[in-house]
Each structure stands twice: as C-alpha cells, then as structure tokens.
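Below is one structure, written out as structure tokens; the observations come after it.
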Amino acid sequence: MDVKIGKPINIAIDDLTRVEGHGNIKIRIENGKLAECVWEVVETPRFFEVMFKGLSIEMVPLLAARICGICSISHALASARAIERALEIEVPGPAQKARLLAKHAETLQSHALHLFFLVAPDFLNAHSVIPIMETHPHVVETATRIRGFANMASDLFGGRTTHPMVIKVGGLTQIPRKRQLKALAKDLDATIPYLSDAFDLFKTFTMPDFIRETEFVSLKGKREYPFIGGDLVSSDGVVKKEDDYLAMTNEYFVDFSNSKFSRLSRESFSVGALARFNNNYELLHPKAKEAAAELNLKPGVHNPFFHNLAQLVECVHVMYESKEMITALIDSDITQHETPYRIKRGEGVGAVEAPRGILYHHYRINEAGKIERSDCVIPTGQNHANIYYDLHKLVEKLIADGKEEEISRLAQMLVRAYDPCISCSVH
Amino acid sequence: MKYLGITLERPKIGVFGFTGCEGCQLQIANKEETLKNLFNSIEVVNFREISSDGCDDYDVAFVEGSITTESEVTRLQKIRNQAKILVAIGACACLGGVNNLKSRFPLSDVVKEVYGMHPVDTGPVRRLQDVVSVDIDLPGCPISKSEFEWLVRNLVLGIKPQFPQYPVCVECKQQLNSCVFDMGMMCLGPVTRGGCNAICPRNRFGCWGCRGHSEEANFESLMRILRERGFEDEHISERINFFNAFNGIL
Amino acid sequence: MLFKTITKENFRNMIEGIMENNEVIGPKSRDRDTKGAKIYRFLKLNSFDELEMDYTRSYSSPKNYFLPFKEDLATYDLRDTGWEQEIRYTIHPRIIVGMRACDINALLKLDQVMLKSQYPNPYYSARRRNTVIIGLDHEPLEDCFCRSMNTDTAFHGFDLFMTDIGEKYFVAINSDTGYMILNRFDSCEVGEEDQLLYKEVRGRIESKFKTQVDITIVPELMDLEFESDVWKRWGDKCLSCGSCAMVCPTCYCYGIEEDIDLNFDKATKRRFLYSCNLLDFATVAGGHNFRPEAHIRLKYRYYHQFRGFVEAFNQSLCVGCNRCGKACLAGISPKAVIDDLIGTEKR
Amino acid sequence: MSKPPDFNRQTILMQSERGFKSEIIAAIPLTAKEKLFHIRICDPCERENFTFLPGQFIMIELPGCGEIPISISSSTSNKEFLALCIRNVGKVTGMLHRLKAGAIVGIRGPFGTHFPMEKMTGYNVLLMAGGLGIAPLRAPIYWANNHRSDYKDIIILYGAKEPEQILFGYQFEEWRTIYNLNILTIVQKADKRWPGRKGIITDLFGDIHIEPDNTFAIVCGPPVMFKFVCAHLSTLGLPRQRMFVSLERRMHCGMGKCCRCNVGSTFTCLDGPVFDYWTVMNLKEAI
C-alpha cells in the first residue's frame, strides 16, 4: 500500500445542511493521521426545563410540543404520559388508539421527510429536493402521497401537522368522527401502493459500507412493536423500568457541544429506527418483515447508514398497523376520549419512541398542580456521542482506505443518516 | 410569469432559523402538493433545513426564531443588510414566543438549572424587531402553510399584505364551532389576531394567542369576562403570557 | 293555506326518502355546555337519527346556507394581458329541516335586500330558490323575544311548516314543492281533533313568551339618543369580535377579496361575510376610519337593525332570536341595550 | 331622490356581477401620485350601450388583486373611452399604476346617483373641488360645456395643497377660453415661483360674486372641506338643497348589499355618492 503523507486536510462544515438545527463537523488530518474530529452542536439552548417550572400541568403537553417542530407529537405524548403517570390515571382505550395513530402519523411524516427530502438528494447527486422535482418527479410524487396521508392523519388525531393541541393530559380534546375515519382509511388504501415505489427507489441506492459495533437502546415491546411506554432495553442486555430512565441515559457534558452526551454499557449507544428494528424485529408487522427481507435487512445491523432503511421498513409497519387500528376504531364505540383527573402531588416519567429514538419526559408536580421540576432526554442527545465516535471510526477507515476525497461527503451523510434533530437536543 | 401584461419577478428567498423549534421552517416544506408551484414562483437560494445549496444573494429573508445570543444578533444584522424584505415567521420571531417563559427567572439561575457549571452562551429573549427592523410579521405557532403561500403571492405581485385586524372569534363562528367558553374553558380568541381559521377552538381547545393580539383588542372587557366566569388571575396570567403576545396585561 | 297531518313514523320515512337523493340540513348536536345542555348547529345530516327535532335553538343561524361565510363569486383564467371570467350560480337542491319561524322571517327580510331590490343578488337567489324549507314550531326559550318583533309566526317563506301535536305533526303547506313532497308520503287530512290539538299547542306556545322588548319608539330613539352615553357604556364592553353578526340570522354585511393562485394563472373573487363591529369595517383610502371606536360601531349595528332597515322596509331587521345576546361574551343583548336606551333598565 | 338609469333584469345581472372587459388604452401620469387612465370597453356593442351621468362611479377590478370604486371623470358624450383619475394609495390603485396600455381590467357600473345637471338649467353653477375632488367634477364640466347655453355663469374654485399637486392644470386654459368658464385656483403651500393665490379654498369666495337665488353648487373633496364650504355657502343664502356633495365611503359591491358604505340608513352606493347637503346634514355620521 502506498503511504501517502498528504497535505493536511481541513474539513470544516459549518451549519450542516438538510438536518434539523445547527451543527458543525470539524475534521483535521495531519500527516495522514486523524488529528481532530468533532461533531459540534452549536444550536442555542432554549432552557425548556426552566420554562416548565411553575406551569400548570394542563399547559405541559402544549409547551412540550414546542421543543421540536418535527416530532412535536412525540413530545406532547411523552409529556402527557409522564403527567398521567404522576396523577396515576389511565387514558381511555379509544383515546390510546387515537394517540398511537397520531404517533404513527408523525413517524411517517418524519421518516418520509428525512428519506425523500434530506437523504435522497445525496444519492441522486442533488443539493436538495428542488432539482429532483424536475429530474425525478415520481420520487417527489411518492413523497407527496405518503406525507399527504400522514398530514391528513395528524390533522385528524393531533389537530394539525405540527404542535398538536388535541393531545391533553387525560386523553384527547376530541376524537375523530367515524365518517372522518372512513375517509382517512380510504386515503390510506390509496397511499399504500406508493410504498412499493419508495422501495424501488431505495433498492437502487447503495448504502456506504461501514460497520461499528454499537449498543442499541429502545423501548421493549411486549406484544406490539413499541411506541408509547413500557420497559427499556439495550442490545447489550440491559433492561430497565420506564421510571429508571436515568440509569439508561447517563448524560454528561463535553466542552464542544451545547447538548449533553450519553453512555450506557460502552462509550456510546444508538437510538432510533435501527435500534427499534434491531431490538424488536419480531414484533414488526408481517408486511414490514417482508419489506425488510426485500432490502436484505436483518436484525443485528451495525452499519449506521442502515438507519435509512430501517426507517423505510418502519414506514411499512406504521401504515399497515394504522390501517388495522383505524378499522378497529370504526368498529368500536369511540365516544370516550378523556379521563377526568384530580390534581395531586406526584412524579412521573413518560417514555415514547419518537421518530429519531427513545424520548423521556419526567415531571414532578406539587399539590397545586404546578410543575416543580422537569427533565427531558432527547433521542438526538443520546445519539450525539454515537455520531461522534462513528465519525472518528469512519474517517479513520477512509484514511486507511486512501479515500480522503470521500471524507467530507460521507461524514455529512453519516450524520444525516441519524436524522439528527439538533434544536430538539438542545431544548 | 405575467400578470395583466406586467412581468413578475421570482423573488430570491432565503430561510433562516434562530432560537426556535424549526417548526415554522418545516411548514414551508410541508404539504408538498403545492411545493412545485411554490418553487416556480420563488427562487430558494438559501434554506439550510432542506437544501445544501446556499448563497447570500436573496431579496426576501424569512426568519424564524427569537434572538437569545450576541452571535445571533450579528447573524441577523447581516441578513437584514442583505434582504430587501425581512419577514419574521412564527411566534418566536414575532413575539418572543414560548421562549420567553424562561424570562420569569434570573438568567444565571436558568443556566445553572440546566447546565450546572457548564458554560453556555445565552441572553434575554428578544423578538426580531427588538434587534433589527422587520417588514412583515407572519404570525402563528407554527405558521400555516396556506398563509405563507398567500404571503408569497402578495410578494410576487409586489403588494403589501394586509393581515386580518379582527380577532379569532370571527373565523371561529364561521366554522360553526361551539364557543369553548360555553364548555367551561378559557379562550383568548376575542383578543387574538385572526387568520388561523380558529384551528384550536375547532379542536375543542381554547385559543392561546399564538398570533399576537388583534388590533385594538379590548383587554379590559376580556379580563372582566374571564373573572366573571371564575377563572383565577394566576390561571389567566399563565395563559396570557404563554406566547408573550399580550405584554403587560396581567 | 293548506293543512295536513303526518305521523312521526311517516315523517321519518319522508326525511329518509328525501335524504336518498338530496342534501338535507338539520339541527344536530355535538357538544354540551357546562350545565349539560346540548349545543345545536345546523349541519348536513347523514341519517335521520342525527336529526334532533326537540332542539331548542341553534347556536348559529342557518343563514350561512343562503349567504355562506365565504363564497366564490367568480373565477378567472389569466393570460398575458387579459383574462376570462367565469361565474356560476348553479346550486344543488337542498332541504333544511327544522327551521324556526324567526329564522324563516329572517329570510323574508333578507329577501327584501337580496331579491326585491334594485340589484338582485343572483347567488342568494339561486340558493333561495333551490332550498326547500321545512319549518318547525317550538316553545319559546327564556330569552326569545320574537313575539315583540312580530316574527314568532311564519305565514310564508317556507314550503312546509310543522307543529308537534303529540303523535303527529300538524303541517302547513305553502308551496307546490311542499305539497308534492308531502303527497308522496302518507299524510292525512286534518281532523277535528287535530285542529283542537293544534290550537292548544299554539296557545301554549303563545303563553310562554317571557321576554318582551318594547320597540315602538325605538326608531326615533335611535336618532334622539344618538349621542347618549348608553352607547359608550355598552361599547366599552364590546370586544369588537363580530360574533353577534356571524350568528345573527339577518346580518348580511360583507366584504370582497380577490386571490390569485401560485401559478399566477387563476384568480378568484370571493365574498366573505363581515361585521360592522369589526375595526376596519369603515376605513377608507388614506386610513381614515369613519367608525374608529367600538361604541360607535356597536351603535351602528343597532342603528341599522332598528332604524335604517325600518326606514327602508318598514320593519326591523332583528327577529328576536337573541342569538347575538347568547353569543356575546360581554353580555350585550338587544333586550338589555334597548331597555337601557328606553330607560326602563335600572341604571 | 333621483334613481340611476333603469336597466332590464338581464342587464342588471350582467352589469352587477359580470361587468365589462375593458382595455387600458392610455395611462397618463399627472402628478407623483395620480395617473389618468383611459379605459375602453372591449366589446363594441357594450361600449355603445354604456351610458352614465356626471357624478356616477364604476367599480374597477383587477382579477386576483381587488375591486374598487372610482368616479368617472370623462365626458358623458365620450363614447370612445372612460377617463379615470386614480391616486395611488394601496393595493389595487398601486397595481393599476403599474399597468401599461393594453392591459385588460374589468369594470362594473355605472353606479350611484349623479349631479342633477338637468335641474340646474337656467342657473349659475359653482363647482368647488379640493385635491382629488376635481376628478368627479370633470364629467359635469364637460356636460356644462356640451350644454353651455343651458347655464348662466359657470365658476370653478379649485384648491390644492401645492402647485405640483394641481390636477388637470393643463386643461384650465382651454376650459376658460373655449368652454367659457371662470376658474380660480388656490394652493396651501408654495414657493416664490407660484404666481397665484395662497390659502384655503374658502378664501376664494372673496374673488367671486355669488347670486344665492340663482346658483347651484357642487362640492367635492375631503369631508372637512364640505363642512366649511357648505356652511359658508349657506351664510351667503344658498339653500342647502341646491348644494351637492359627493361622499366617499368604503365600498365592496356598489349595489347596496355589502353595507360598507352605509351611513345612517342610507347607502352611499345607491342613494349617493351624490347627495344634496340637506340630506347629508340629516344623515348620522355622514361627515
């Protein structure tokens, strides 16, 4: 092998594009060796934990939603769940279903946005989706259809596509009427065929070849592929209760990031679609398993670029599962949509699988129904460390392979594969 | 594009985010059905959230988020100097938004609470207009895509957009909603700028004032009404200050 | 006028029969207020069971089925320097069930403006002609003052008008369409007993009016008390939110807006119902506002209802349903304002 | 009160909702803010049938932009085109100012009442305008010229803010000499180059002789002007019913439906914009 003592390479990507929020990649290679490689989170913090302080519990889901413009439904759900657990109340069955449907709508919305608008341009040699509208109109049409359904569903179950107001402590402000559900089911039926177009597209993309052994953390499903609440599990065998999330996240500070880092059994761990897929593959909808097979995706994947494919498989899962749930709702009595509650002192944790991974909200309520303390642990926050170590390994590998010219592009793609939601992580 | 014989220019636009949730930027990319037409009538030259193409030659800047650090001030001033028209989008940019809730506590306590001894750069929450001059406020949390498109159409035609001066109630009644007051809930609709089609009351949820106050809103009367209906001041104040839309009323 | 009776069972068949091929609008409820009472609105019915014949008062009047809150007046295809305009007034036939006498009288008042004036409104006219109205009597609520406004009974302006006489409805027929509809389903001639029952019900209804508003000298008072501080007092409460006009069965002020699509090749001219209580109702070029203050706008609404319309048509525009009074959070109701103006309310 | 010309039902629908496609054939800048538009109804037949009386207005529409009321300021006998003098104040007027000859706009009308020129036969006519108020006066001026022998003395008093804002100044000489009218102008503010009078319009009363028993007055301008001018005229002994003013209100339909122009119990678009001053005095909040 030629030993190249090349020029020093300095890669500084300020404000990485096509991700949510502000983050920088800095890579310095000197004498053919990696001298510096950081994933800098420069987003300005908003201090949500302070903002919650002293607020009435009824405002919490509303404020929590504003943590993130993409996964606002997850934040609303996690916070509502935390409060409900603190008050020790159960949400009525139909409302639980409707909440999960809202969750699914968001997953679909978010995954499709990421896959088609943020990721696909990398594989189609474009800067953004705008030229793709001309060059690959069917890609955009597929995205439009899938997201169109997702938007309709979140309008229906959340009140609007971003920052839902329907999700409230105790349940929902209202539940869609059967006529609306039927219309939604019809739209879903018309949308499902577009999935195969999406698959045809992604089958033509080759994910970069890169593996780093990783610990994956997610909710642990019992009978269903998990999205809202339950035990926590890691692929290294750690299992914990929802309330014990701090033992799962172990946040710490690093000096180049405004977001905290996390670790569990190893230096870092990963959450998100791939983690859910790896940890709960058996519980996927049969159609989703078929889809995974089509992509040659099996549980135990340790290539972070495969996050993208796991997202696609989850799209299949949520669409088929939504279909079944909508049908079930139409066939059942759905008048009950909220549980009345009495304010009391308490403390609760809510864990929810946001599109980008497991999300925790934790509140302590005083007897007047005001928030005393709050804590939110964001999926991207948990991923930062993993991104950081992945980047190191990726750059080292590319140097070893003599592919320095690829570093910038692949480094960006790697970060993007995690679909980071940076402003959310620096909430 | 031509309109009655006048050639219409496609304005070059840039979209920028400051301290906020990026939900407003997302709305612009959302509802793809009209995206193609949207990009036919404007030229997006800088939109980090969806595009890697970035240049600084824009006429119209859409700016999301509030301003909380000095480096943001400098960045915003640069944008202001470049843009012919600067549009503040969303409650954070127009009003300070929910970010302002942190201002209830001293800044040093705020940092200590979340970051301990870890140093972070932060400052008081400012609206865009506290820092630079703003030409248009596009309200909402988040903004609505249809209103954004309406604004774009106005910009392309070269018309100064006229936002509703009336409160949310007008549109709420037009949706045939039951007034949430009748159902025992609080609502800021009577003093909040309309234009959102009363989306919250439509979902059986009182308005929280995300669009800022309506022109010449009658706060005294509303306060009387709220108190008469048994809402406590503490509760009212929480609601009124949520989006920082009604400074100084309670 | 012709009268018949129809059993409740047959009435159901009738509505279901109509529903098969037509859009049927009727009172429906979804929400309940804090006291547990239902809140009704006029909406499209998908089945007979959704129709609530014992409804009290709809929150908003069915006016919007004749004067929609928003309505496209014309569309344009724009090209180069010019355009082609398209106007359509075609409207599908529609049946409204359960309209009250006051609401029917409200339509008659709107007819004066929209049909019988110098420039008839073709959009309204199309809707009015293609709507079959089936009215329904009810016992007055606490605050109904239609009696005072002389609108508690309807003698025309509907196709069928029904009064619940127990097992059956007593039906007044006022149009050929109404006659044909009724004839297609089993109806009976009016028997002696029916007539007695009808008289009894009418009598009961009439005896139950509690609220009275004396409007005999109100038109004059509107001028005489134009500068009165009564207006200021009520105006200070007014939220200028336009709710009163939106729910009112007769308020018809509107505005026009034009819009263009993102491709700049199609345009629409749209009418939207407005309210004279809204701040910018009377602003003109140069920013001058003829009615800049809430109390002046509030006064104007009353002025138009109780004075201007009287001058033009010899009747008040108000029909006494008190929807605006109910909808107004600040508690401004015609009864209270007029009493105050006359001086009967304790100051 | 005079009614606008009668149409049969068909034309009412046509005119009230559909309007006429019309071409801008000229857009002539008058001052920094005002332009004079010559607009020709496209269809020759419709053009031929379009008649109006002095003081009436039309609704002019730019599809997709908006529709606004504008007084007609051309001669009733001009069958070629309508002249509209429009000040750029906002959305529609601003867009109009950008349009070039050849653009097609829509017009509906004519609407409203007119100055009762027929009643003035045998009288002196005093026309008074402030600023843009001269726009609706051009039609009566042309009318008076066309029927010059019907009227005795015709005097125009015109007040503007500054000399640069005087509208139609280029026509004054023609009006004076050929039309045989007396026209006096006054401006509020001017530098030395202005040879004429400085002051407000009522100052001009000293320069003319008014025979109260023998005169009709027409007053157009901002509402404050009505008050002063009409009060002054009545102290001179002119009956209020012989003074005519044109009111401005917000209008969306021109047909007495939108209520935006409602003053008291009267619709400015149907019963106005031209009112005699006695009526105006009896209208609540008219001025």
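By letter and in written order, the chains are A, B, C and D; residue numbering begins at 1 in each of them.
By definition in this document, contacts are C-beta pairs under 8 Å (C-beta built on N, C-alpha and C of every residue); 3 or more make two chains touch, one makes a residue touch a chain.
Here the structure is a predicted model, which is why all the values come from computation and not from measurement.
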* **Chain whose mean Cα position lies farthest from chain D** => A
* Chain pair with the greatest number of C-beta contact pairs -> A-B
* Can you give the whole-Å distance between the Cα centres of chain A and chain D? -> 66
* Which integer distance in Å separates the CA centroid of chain B from that of chain D? -> 44
* Which whole number of Å gives the spacing of the CA centres of chain C and chain D? -> 39
* **Computed distance of Cα centres, chain C from chain B, in Å** => 36
* Would you mind listing the residues of chain D that make contact with two or more other chains? => 62, 64-65, 90, 102-104
* Mind pulling the chain C residues that touch 2 or more other chains? -> 78, 81-83, 259-260, 264
* To do: Indicate the residues of chain A shared as contacts by at least two other chains.
  => none
* Tell me, which pairs of chains are in touch? -> A-B, B-C, B-D, C-D
* chain C partner contacts - residues on chain B that touch it in the complex -> 1-5, 8, 34, 37-38, 40-41, 149-150, 152-153, 156-157, 165-167, 169-170, 173-174, 176, 178-179, 181-184, 189-191, 204, 214-218, 220-222, 224-225
* Sites on chain C touched by chain B in the complex -> 30-34, 39, 41-43, 59-60, 64, 69-70, 78, 80-83, 236-243, 246-247, 259-264, 273, 275, 278-280, 294, 327, 329-330
* To do: Sort out for me which residues of chain C touch chain D in the complex.
  => 73-74, 76, 78, 81-83, 85, 87, 113-114, 117-122, 223, 226, 252-260, 264, 267-269, 274, 276, 281-286, 290-291, 296, 300, 303-304, 307-312
* Asked: Hey, which residues of chain A end up touching chain B in the complex?
  -> 15, 17-22, 44-47, 49-51, 53-56, 59, 62-63, 66-70, 72, 113, 117-118, 121, 127-130, 133, 140, 143-144, 147-148, 151, 159-163, 165-166, 168, 173-174, 253, 255, 258, 423-424
* Asked: Considering the complex alone, what residue numbers of chain D touch chain B?
  -> 62, 64-65, 90-91, 94-95, 98-100, 102-105
